[in-house]
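Next come the structures, one after another.
Look at the two complexes coming up: chain A is in both, with chain B in one and chain C in the other.
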Partner chain A sequence: MVVAITLLLTAAQSCMKWEYGTMEEFRVSESGLFICNEGNFQYGNATLSYYNPETGEVENEIFARANAMKLGDVAQSMVIRDGIGWIVVNNSHIIFAIDINTFREVDRITNIASPRYIHFVSDTKAYVSQIWNNRIYIVNPKTFEITGDIVCPNMTMESGSTEQMVQVGDYVFVNCWSYQNRILKIDTRTDTVVAELTVGIQPTSLTLDRNGKLWTITDGGFAGSPYGFEAPALYCIDPESFTIERQFSFRLGDAPSEIQINGSKECLYWINDDIWAMDISAERLPVRPIIEARGTKYYGLTISPTNGDIYIADAIDYQQQGVIYRYSAEGELKDEFYVGIIPGAFCWK
Partner chain B sequence: MRKLCYILLLVAAVATAQERTVAIDGVTIMGTRPMKDIGLQQTKLDSVALKQNVALSLADVLSFGSSIFVKNFGRATLSTVSFRGTSPSHTQVSWNGMKINNPMLGMTDFSMIPSYFIDDATLLAGTSSVGETGGGLGGAIKLNTQPVKQRGFNLQFIQGIGSFKTFDEFLRLTYATDRWQFSTRALYMTSANDYKYRNHDKKENIYDQNNNIIGQYHPIERNRSGSYKDLHILQEIYYNTGRGNRFSLNAWYIGSNRELPMLTTDYGEQSDFDNRQREQTLRTVIGYDHLRRNYRIGAKVGYIYSWMAYDYLRDPGNGIMTVMTRSRSKINTIYAQADAEYHLSDKWLFSANIDAHQHFVISKDKNIILQQGGTGIIGYDKARIELSAVVSAKWRPIERFGVGATLREQMYGKEFTPFIPALFLDGVLSKRGSVILKASVSRNYRFPTLNDQYFLPGGNPDLKSEQGFTYDAEISFKVGKKDRYTLSGSAAWFESYIDNWIQWLPTTKGFFSPRNIKRVHSYGVTLKASFDAKLHKDWRLTLDGTAAWTPSINIGEKISQADLSVGKQLPYVPKYTANLIGKISWKSWALTYKWCYYSRRYTMSSNEITLSGSLPPYFMNNISLEKDINFRWANINIKGAINNLFNEEYLSVLSRPMPGINFEVFIGITPKWRKQ
Partner chain C sequence: MKRLFIALFIALTTLSCNKDGVIRAEGGVPQITLDNPTAVYSVKVGNSITINPTYTYTDENTVYNWSIDGVTVCTDPQFTYKANISGQIYITIEVANTYGTDSEVIRVDVSDIEIPTITLAAPEQISFVVGSLYTFTTSLKQTSLKTDIVWTLNDKVVGDQRSYLFTAQSAGVYILTVTATNSDGKHSDSIEITVLNAEDMPFIWEFESDMLHGVVGREVVIKPTKVSGHQNVDYYWLSLNQPQDSSRENYYKYTPQTTGRHTIKANASTIIGSQTIATSLIFTLDVYEEGQFVRPATNSSASQCNKVYEYTPAPGQFIGDNYTASTPTQACEVALQRMQQGLYISLGGFGGYIVVGFDHSISNGEGYDFAVAGNSFGTSSEPGIVWVMQDENGDGKPNDTWYELAGSETGKEGTVRDYEVTYYRPNGAGMDVLWVDNMGNSGTIDYLPTYHKQEYYYPQWIEADSYTLRGTLIKARNYDKYGNGAMWIQPPYDWGYADNYSSSDRLADGEGSENNAMPNGLDISNAIDHSGKSIKLDFIDFVKVQTACNTKSGWLGENSTEIFAIYSL
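Moving on to the complex of A and B:
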């Protein structure tokens, strides 16, 4: 009986303590780099990190520390516009808007089915791409409301996938990735898909060079896929004629992704196990990587728009804080720092 | 008749391997220790432990009644168990001899096993599992049903009513003669399961007229999308010829329809989507046992049909729920087993067992539109045979000492795992106090699951079997005084290494794929104690407790220079666990107190304690009070239970809310028919 009473008293006093709940003050005004750490799908442990390239200082979990709440499940991407950072949190069905100096929430857009990326068409209109959904949402960033959607052709809800968006004039181009092989062209005046271009299987990412040409890189699908399995390729697309101008093929089984471009928009970078770089005027794919993998699992990539430094996210085992390697444009390691679980996307401030 | 009695005694001693001690004045002496159990470290959960109330799943019972770690994704949601710091797929589970681990996933969902449908459960840790099954790198759990003992026609009905609109109805009809035993059990469980909790992961904003945030708060939310309806029906027929032959038929049907609860970090509206998992499963085993004075042979055939569906539907804005994800899987398994035991003398026992599971699996994970038009399905359609054969010899040259050796071989598809050897040692150090020392060592292999090999995308047909090497020792005692008290306890030490641990990791193509990457060293100590005392004329106290210290350390190579996981505790494996069940009874009243403790669980392989990197320790307390009322026409049992007594806000898994204090009332009725 004594044991029981003792246990009762112990148990009553020993409840689980929540280890967060206070809001920290941040004030950063210098330029820097945000890192979206996806976290593990279905575990709600996405986080946001901030890195100051000048001082080399890094702050992790800044969203949770500034707001005393979690960022959510799978932080997919982030975009800055007019001092507001827009963080797309896929499986939380939310886009948080934060002050990029204090990291405090400004507002939020909720109830988005499966958001991936946000692209600003104007101060009052933005597009939100989605996966497993055949619609691109139209939102009003001023009112933080969904105002409409764009139904994408030849997609069902189950097979739908729209990803990164690039704007040329009045047209937004979007790559369709999961079990897709197309680039869609959307007229921002009518919010409708006006054309589509077939590329290779599963274009992963999209960027724009200084000549106004679009570049996308496909991953080729996977062996056994009923959708097909082919050698991936890098495509240069003329947005005016909406045709493929050049195509560079990889080996079957390669898995290139994350096409990026430097500040002058004349050199392309991507991940294909290693880190590769290629001038936009090159006639063939490079034969050697600029940075070799060394047991690393490169998952994210960005290029400093100011000095060309190469930032690579390594997810390690996808269950611990990932690491960011910072290399010079020439491929020399300048810094490395730990961030959150599965760092995948970057956003320059 | 005497022969029959002898055979029945042999059944009790050998076939069911029940160990009993006999208390006499002074110190307890040991009863027969079955040779089959030489060196085995096992925990038995009898029907008293299993049948606390109809609302409990086996996961709930194991949380409070064993040192096994239960990873619970929420109330009436996926619950997996693991021994000694291993993974859920390292726990092999059998039901009346037939393996019921999902052949696609390798693990078993213990929230789908109602404890009222199991009559005895045996937990076999590490090496002790080798005699039963291969691949139990953590251990094995044997679940069995038993023929009813009470003759004649009997009926039991229990109605449970609990918080969150929870209703549990249990009905059991039995009929038994000397030869025949029939039993039908049915359990229907429904719940809105919409418990309230404070969401510490989220904040709601308070706005002024200009849409500026002027305040925030952690909302009180309900567990959204968590309702369930589960139906279980279990039919058993046993026939005993009276000449040492016994036939049995067991058929268990499960019909489950469960919503999948939203994460704490989900800002979606519940009314906008439907996230649901459904299951229809039928497990059937037909068995035959032939018992003679010095041998037993048995054979079983079985069949499992399992259909599982996962649907995620969403309203795109037009009020019509539209499919975003629709996955289906269908498993047909045919099972056959033959086994034999032979007592060469009272010093030697030989046994052999061979079983086969033939799986046919169709997995349809996603519907897509093909490049050339038309639709296609992402999934696989595979068949695989799994064979396992084991021979064993147990030798007890003197009453106080025994040794055993077991050798098992497994085949899956066209692949063989290496031999699985196990050695056992068992000695009575002191008859006074029944002090027994046991030790064992084994090498074990677990072959990849069907998903590991064939899942699209990501399945890896080149995976190797996981390899385990385990050694352990246990010392136990049991003392008592007739009609006064019994006290028993044990302390076990174990150490195991697992190589080629299979882990699913994302690929650069956006999907996960399994690889043999980890090497894990787990070790530790488990303590068990049990006390049963008659305190006074009508007072009785029982206490059962366990405590475990189970470091489970990644000792593999660093993946890269930045890898901080080597030398660290595995994620979601607590280093310390403890639990206690205390029951005090007076006449027909009984008060039961259950308590358990889990230490901090890391959620990162690097063991970083960041804001979202670990789960703090927690205690859980449940209490129940019951009263038996005996009328001439029926026995009535009334029970009230309070779960999470101190209304603790806790998590077992990140972002999965758990219920606060909640209540249940059960009324059971067992009519008394005319004496048979």
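Moving on to the complex of A and C:
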């Protein structure tokens, strides 16, 4: 019994204090790429890596090294705004704000139930999407406080899922992924959901092309899923009329994800075992991938906005350190490097 | 009106170039329009597919070139591809005239013929006594085609479902066949059933070995591995060394009082019909002193286990995933290597186990004596029962008596000792693995192609087409948190198990370790014997960890104990 109490106290303290070691000095000024390594769910081993595409140098565990504390449990995503990097750490219920040159914590937003992504509406308002929760939080990035929430329609707590957010004018569009099949349209002036569009089962991600059209890609669920299983599809959505303009079907059993777009916003990329690319004006899905799978698990994808290089995160077996592969736009391998466990999201500096 | 004008205009301009009405090459650069707008064609192995595009601006001088990997395979406007092997083929069609060229890349997805595969969960031959009822279950490989099932008993159709209730009505030999049929073909599995009158059932009383050993003063249980259900059998056990310890059970509990060789005689006799059946067996039991072969730890002893003696997992999604092993020896090597590399080993579903040894005996001291590191976390415990063994005869092999370490579930309702599950090898790749237990239940270890694509979840180093795992079952606690299948919770048990997020015996140094290993501390003092009585062991030499639950959690699949390391403390 004594043992039990001691262990519980130790566990609780380690969550509260994040003590790690000494604070290392960093000062990067060049452009670069942050990589969020999710780590294993409930193991508190999420990390942040930083890569310099010019020199090929990579620094791992930069958050822990710069701040002498752990990043937390499941680093889901990161965005940069005005020199501040916002790292959403899902199962630590926290969003860290860091200086993107020193990696030092500036401040934090705490007590967010299950955050996934953050989207800035203005300097004083941002939305935070969530999973297992039917609310999108409204936060004030200046005061680091939660100021309100947006209740999403037809979503219970358990089936709640809001993911990536894309803004067109006064409206923010968000894809609802886990056990959902919708894109929601939020009026940022009233912070309310004003419309919803049904797509296929589980839209995974969302992006915007040069013509102002939204693109989402569903994963179709999985065999035996109580929510259903269907052939996934790529959708082109007109945000103005909020209707599906074009739809491209995959084969049943495919599981595409991670829709991305290049710097000129005219070429789409996604993961479907392999890496695929498609011009936004294409009339059909490509028949051949641009980069083939290596027998491991491609888990994250980003395209350099400046030179079109393709960066692929390989989670390997979800246990060991993941690898990032960097390819040219033409599909030639240029670099590869180890990062942390389960690299999933990228953020360009 | 406007549309008509445009059409007329096009017709006039075309005609001006092509006086005979045929669209000629001088009209411009050729254009290919595929007969399948997705450019992805599907065909099954052994069949052919013809790709028949339409072309504009072509004539007799137009050149067509179909190529695969840069090699021309056809120069006609149409191309017929004969599919010999499954996979994806990329074909380029290029068409050229004097004005220019057009090309398209086409993919042909060649899939295997989807003949169904069905597996019957039964040995090839099985016997029943008249009046028995038995439900046969099947596993069917999922295909994209509708599949029909037919059961026949001696060629007479008796069922069309996935399982079939057999009633042994009268003595005889029966052939039971189940056939799965779809549009690509059919597949059958058959067994021979012998139905006997009660008086014709053979008498069976079998033991694993007649060469046994033990420790002076410690009870030995000699138990049959197989015994027929005959009534009125007269059993008689006699130790020539301790004649006062005789018994009339079908098993023998014996506590040797002296070291040396003990000779035990066992007789069984019964009258079946008008015949008297008698069986006589002789067992030799070599008895040693406890501690005679102890190997105390030294300064150079390694805490980690240094040998894997047996790795016999139950089927599971992690079995054969990211490694290959085709013999039991290779499986042991792979298991040890993986532990040394900081990787996990999965024990699969219920009963799957690993047996390890150390370069020293682990003595039974104060508190925890050794630890097993698993991959438990807050919402996921997949408990494994831990067994210990002394090298009683000093031969360095784990051929002695296993003692279970009691845990919080010992003696509770739902805990079943001597629980047995038999797993049946599927007849084809990508299939669920069937199991039948010794309590009349059956089920499957599900094939989960989304996550684990290896062909078989049945260990490939097990030669037999079925194998039985025995151990102690504890009651499953897993549940579907939201009732929609999305999130499965596998709660922890209080104490005493491997791969268990226990609040009492989980060792703190597992928190956030590099490979997520989460150790549980184990105490040799918790050892119990076959009767459930506490047994005092001064040291142990071998450890066995065995998956303790027989359950599955939806898309997470079967509950399986995973371990990273086993080490003395």
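Going forward, the second predicted complex is superposed on the first by the 329 of 349 C-alpha atoms of A that agree within 3 Å, B and C clash if a C-alpha of one lies under 4 Å from a C-alpha of the other, contacts with A are read in each partner's own complex, and residues count from 1 in each chain.
Going forward, contacts are C-beta pairs under 8 Å (C-beta built on N, C-alpha and C of every residue); 3 or more make two chains touch, one makes a residue touch a chain.
What you are looking at is a predicted structure, and each value in this text was computed from that prediction instead of being measured.
By the touch criterion stated above, A:255 is placed in contact with chain B and with chain C alike. After overlaying the two complexes on the shared chain, residue contacts for A:45 are found with chain B and with chain C alike. When both complexes are overlaid on chain A, the residue A:27 reaches neither chain B nor chain C. Put simply, more of the residues of chain A are touched by B, taking chain B and chain C as the two choices. In the superposition on chain A, A:178 contacts both chain B and chain C. Legend: residue contacts after superposition of the two complexes on their common chain; A:284 is shown touching chain C, with no touch to chain B. Contacts of A:69 after superposition: chain B is touched, whereas chain C is not reached. Once chain A of one complex is fitted onto chain A of the other, the partner contacts of A:315 are limited to chain B, with no touch recorded for chain C.
With both structures placed on the common chain, the touch criterion links A:224 to chain B and to chain C. Judged by the document's definition of touching, chain A residues 1, 3-4, 7-8, 10-11, 14, 42-45, 70, 132, 158-159, 178-179, 222, 224-227, 255, 317, 319-320 lie at the interface with chain B and also at the interface with chain C. The part of chain C that touches chain A in the complex is made up of residues 37-40, 90, 105-107, 109, 142, 144, 322, 343-344, 377-380, 446, 449-450, 481-482, 484-487, 503-506, 508, 511-512, 515-516, 554-555. Against chain A, in their complex, chain B makes its touches with residues 200-203, 205, 211, 213, 216, 218, 263-269, 272, 314, 316-317, 322-326, 366-371, 376-378, 456-458, 503, 505-511, 517, 541, 543, 558-565, 571, 580, 582, 584, 593, 595, 603-606, 608-613, 616-619, 621, 645-646, 648-651, 653-655.
By the touch rule above, chain A contacts chain B in their complex via residues 1, 3-4, 7-8, 10-12, 14-21, 39, 42-45, 47, 60-61, 64-65, 67-73, 89, 91-94, 105-108, 110-111, 113-114, 132-133, 135, 143-144, 149, 154-159, 177-179, 181, 201-202, 204, 219, 221-222, 224-228, 255, 257, 271, 273, 294-299, 314-321, 323, 336, 338, 340-342. Put simply, chain A touches chain C in their complex at residues 1, 3-4, 7-8, 10-11, 14, 40-45, 70, 132, 158-159, 178-179, 222-227, 251-253, 255, 283-285, 287-288, 317, 319-320.
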